[in-house]
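Encoded as structure tokens, here's the structure I'll be asking about.
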């Protein structure tokens, strides 16, 4: 189970098959940690978690604990949560405010901008040998703040975050912008953290546009748990997308999403039936957004995944979920639940209640996802099972590029987004240059 | 602990020593999974568990879950319990009856003969790309039904099951045939499943004829727990074998057993002292069997192991136990308890009660086996310990071939059956051809 | 995480950095088991645990269980606790007295001097093949008894224990000798055993003279838990060392300690304020020791570590702690608590109570050590973390050799003892000859 | 020593909680719903690792604000029961094997009086053991505070607060009731 | 609220079960045997993963049929005790360290009457913690239903059904009593 | 059946132990100290694996001799509380999340009489669940025997013996109270 054959032998995009090995093998898992999570841009958190100078929030990148913090000058940093002296975790609180990170072991202390400040008995014991400047907290070389969200990459050579996002930005914006179209303005109202015995990629793929797994949610669809359920509506959510065309879009850098393109004539679809005030609020936001964004307003987000492991829900519910790897067969999920910071209290209350019953380990919808991810992972570990690849043949070739919107666009449910995702995944495992990773067309042709 | 030196350096049949490595090393364990459990015939179950069309029973082969099922036409199949789409376990029930195996993840569905039938939105999403016939459930290429028992091998080149069994069949028959000599006719009245921290081969060896570990059962022998214990008899069972000669027999394909050869003059040995009706029943069976089988009736089964991991108890108790590997140091035991399907209710009741107090994790006898297997495994993991091989020198050379019965027959307690077992074991790990694996004499000479 | 680059690339003594790899990598861990724990002298126990013939105490060496026992003739032995037949642990009691170790599995039995005595049915089954003398319990080729303590090495070529100890013996003596200066005379009054998720070397280093981690014990220092705390004294212990100079000493074979050199004029420092009788006793011992040892009496022990994993506390508290490796990130600690065998009952009682509140998992002081070792290990496992070595630059070069006492002596807190420790550690992993391991000066120059 | 009536009341309440546990472990979910008041509050906060001194303020998420594990009403719990009963709620199909152990049952408040107890605040501890399929094995341990309301001969649960002693949830799902 | 006698009886029964647990954990196995009626039925079924709707019929093996974990009489339990006392029952040598936690003690039925209680059906939960040698560590959790019979000043166990919430037994042995 | 007073007393004692558990789990450590008698003995022995027949003599270390896990007085426990309250006792910083489950509460002895109970010997079982930071997770299970002494309207703990069912301690620390 530790064989690591060339990754190209694992991923056959022509035939539309992908080996189970990459979902269970410790070998490929190690490669992911060393070649993928150390280069790709990863979601770290949200500025609303650290509004004031000295505020910090402990997050993760790959398998490692990192500190997201705002220094005394208000600048945002991301540090590895490990002391440079003998490695102790310098911050074991989840969130808070501080002027110094004092290591519990030998009391080296670091300022909120990472500088090694306090070294007990420095003059007597270290003067002339220890160069404090070389022993600051390990900081990510690349940090990006985008509409409240915080992203980081460990690779100094990484392209700018917006280049990395590329054409996926239009979709991500619909998640991060206010419901009435104003840019940004979201806040995180809570976070769920939990571990589950599944490979992290099952979770990422699920958001990449695996609309095909709808039947697995039959139980909630039958009973109705959406914001209008008490008025007898079935299904998981309101029908905001009724008038639109669903699109599944893959982007050069591996991002993929399921969005909806509404008609120019789009009308507000009554929602939140049991909460008139909320319905009214969203009707207002809808009209306002149409006015403000015009043509661009036609794009509504459903779900998506920013390569490699930052998934989002766009509207009902709304939030970002990161799939932190623990092992080939264990993942730690962190979901950041989002609302417009300036939404009315009643709106926020209705939303948070819906989020809780929909999402995460206690969510009626996602519990069934977790169950499938678990047993798909388990049943793929065996010697015989690993001889038979997974099937990714859905809608082969059925997409057009940059039409009607940027990216490889499919108008039907498709495995094109995962095929695209694993094309890029393979490039990381091959240590490809960034040109290829962010998918210059030429490169893509080559890789396909 | 992951060294995998040539297996021949681990097994020294001349000197009668075997390295501890093969009982603890992840490396050899992986080799077993890849080269042994993918080729050898494995016990899967019993037809009495799936009497009707559509009946299924979820079993295991090596580390993997498989579905034993009887299709609508009544034919028996064994499938890997994993969806061809994205690997989900298609059946998470232990036993039942169905017309379709519907995958919970994306609802692909398979008929009871394994064909991929339902693919949601096939025409729209897969037509022309997905060839349904190529994506049936993964079925074992070799399946054998023998007197109610079901066996399977993953190797298309595997010989017929009866060739594989070879001369071991005479002994296995005594387990599977009716007590009165009629062929077959057994039924499974229950199954125990449990996990224990020991290498699986300790368990297999125990049944291979390790009569030498008798002293480990001193506690039950002292107090008496057999079917006549309430009449003051000590020991674990009745003395059915009193008049016979014990024989330990090794077979070319690696099977080994401890049986008893009764004299031509054999008489029924009063048993089940506290249950006159049962005693009478077995007396009748004994006479009837003698009449029916004549000379062949002289062979009575004690314990045995069909290579690699299907062990049996022949009479008191009676059943088949499979040792499923979980890791080098963990095993899942499945015991199928057997009786004659047409035995009187009182007989079945006395037997099942005896089986329960004798066998498995709650069995007074086998609890002490488990304890020894656990600590023998644990004490063999260490760096120093692994430098000292186990001793298999008992009764070296003390056997004759095909006399008085087929196989290498020893008339005294012997390590010849395990020596023979590990000779074959080594051939599997060397990827030997089937001629060698089923032990053509020439081949054996070579290997020795 | 299983890379094993040349150890020299991990340890940079010139720069004063050591890679995190050796604290978390399974590869280096395996190397330690195979090249270090199989050669170095390890602490096994104390004679007071096995006073009488037939007494045994089950101990550990590295990952393995060993039996420390005194044979019928009164000679002390250390055996691997595993049967030569099929590996069963022959002794599952912690301590006791016996004339034979009877294996529960097949009843082979061994005398207290390790000879294989009982082999059931020997004549019938083994005569002529099994040479009993070759199948005794596996005994350590090197055993040393020193002032009550028992040490062993698996390497037949190992130097004598006293050569191995070298100049560290003067410090160890202060732990093992009576408080009044009489040689030896200690007894073990109890043992703590517990497991904790940390690399074993964090624990060893802690005793090697990591005085720098004092701030981590701020909580006990603030409240005062020493033998005089009820009289309002703060800190962890009495101020016995007030008048002395602290010294940190590294020895060629890798041993290191923190001791105190008292002035020739040293006076007894009142201690045990709340126990006049105990105070009086120690005053008497102090004077008596001064009289008896003269100049040598100036050396008082604080903490130390005999390479590789036998740590000690010298006075308050007093005992030896062994750090048994379980995995790269798990360790089993065994602490043997010591007092003078002939100390008055009240003294012993005061000491044991202090030991319990100070030491081990229930000890107020060491709980905080464990916490730091755990999270230092955890935070060093990550892919990024492993790219940044630990800092060992404290007091670089600030030591003189054999002045004022033997060894590399530093008069200030230093990383010289760990630097020296890892120099030797690297030699073991390189399979160096004993000359180098016990650190002939020439060799050391070479290695530095 | 308290008046006899207090102990009798405690016994009565304790029996009610044991009865409830039996309904859940026997999967009599609809009968269980009948024990819940129409205005039920069912709350399990998320716990956070905070600095000494900040626990009262910041350790637990608050009912009625932000995101907790559960902050629900009876309607939602009814939906959860409905979902299990569809037979296709895969996270509970096959059904989990569950044991609810309830201990440390304490009357924290009785209103208006012990003699005429119409509302009681009850503290207890729970250990909920969930085992499913073959190897899924979880033990959820924590503290409960319930508001019970007299309902004829029996009681109804008006409020339940469950303090699960975990930060990162060490389980894939919370698909069972507490 | 129930009559006082009911609660007194429950307390009496509960104390009996606690007393029994003490006998087991203190390894007073022979005294424990004295608590068992001559016609004792001691039953622990094997649990199976079945489709929704089939649980009542097929989830648990049945007492008196086929193979369960335990389906025993007093004689067999006596043998188990005897075996431990030989000192060479290696699965219990050295002896396991065991704690029986009993909770949720409920009177399910009292016959013929609370005032004259001769037989009672009692429900409870068990957590049996077994730790042996150095690292063997098992926690068995489940539900018990006991039939108790008045025997002079004390009680006897006439029937014990133990529902262990596991399918594949996650332990190497069941060498202890429940 | 025992006199009613006995059961009332048992209820009173049980409530006291539950109250104590609440103080600990709510981290009201100073209030907890007030429940301890000045001459308290707080004892947890080390358990050993010994041959059959030697248990009474050699299984557990003895109070007042040698080395146990805990063999302490009130002063030491006071120090332990003080240490936690410094906010820099890192083994408890951030504070552990702890649940104390107490069960099998039995009156083993009442002195001088049930009517005038001034001292009682109480047996119980404990399950102490400790979860800290993110993944540290420990369950300590065992048996307690307490000597309680009437102190005005309440009780004081004069002696507590805790039998933890482990040999090698399967936890990095014992930084909490039992």
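By letter and in written order, the chains are A, B, C, D, E and F; residue numbering begins at 1 in each of them.
Heads up, the rule we're going with is that contacts are C-beta pairs under 8 Å (C-beta built on N, C-alpha and C of every residue); 3 or more make two chains touch, one makes a residue touch a chain.
As the structure is a prediction and not an experimental result, all values here were calculated from the model.
Graph distance from chain A to chain D, where chains that touch are one step apart, equals 1. Each step here moves to a touching chain, and the least such steps from chain B to chain F number 2. Using mean Cα coordinates as chain centres, the one most removed from chain F is B.
Each chain gets a centre from the mean of its Cα atoms; for chain B and chain C, those two points are 48 Å apart. Measuring from the averaged C-alpha position of chain E to that of chain F gives a distance of 26 Å. Between chain C and chain F the centroid-to-centroid distance comes to 33 Å (mean Cα coordinates, whole Å). Residue positions 92-93, 104, 216, 368, 371-372 of chain B are each in touch with at least two other chains.
Looking at chain E, residues 4, 7, 49-51, 88, 90, 93-94, 101, 103, 127, 133, 139, 167-168, 170 sit in touch with two or more other chains. The complete set of chain-chain contacts reads A-B, A-C, A-D, A-F, B-C, B-D, B-E, C-E, C-F, D-E, D-F, E-F. Partner chain D is touched in their complex by these residues of chain A: 92-96, 189-198, 216, 218-220, 222-225, 229-230, 332, 337, 349, 352-353, 355-357, 361-362, 364, 367-368, 370-372, 374. Residue ranges on chain F touching chain C, taken from their complex, read 44, 46, 48-51, 54, 58, 61, 64, 66-72, 75-76, 79-80, 82-83, 86, 88-92, 133, 167-175. Listed in rising order, the residues of chain D touching chain F in the complex are 1-2, 4, 7, 10, 47, 49-53, 55, 101, 103-106, 123, 125, 127, 139, 141-143, 163, 165-168, 170. Residue ranges on chain B touching chain D, taken from their complex, read 92-93, 104. Listing the residues of chain E that touch chain C in their complex gives 88, 90, 93-94, 133.
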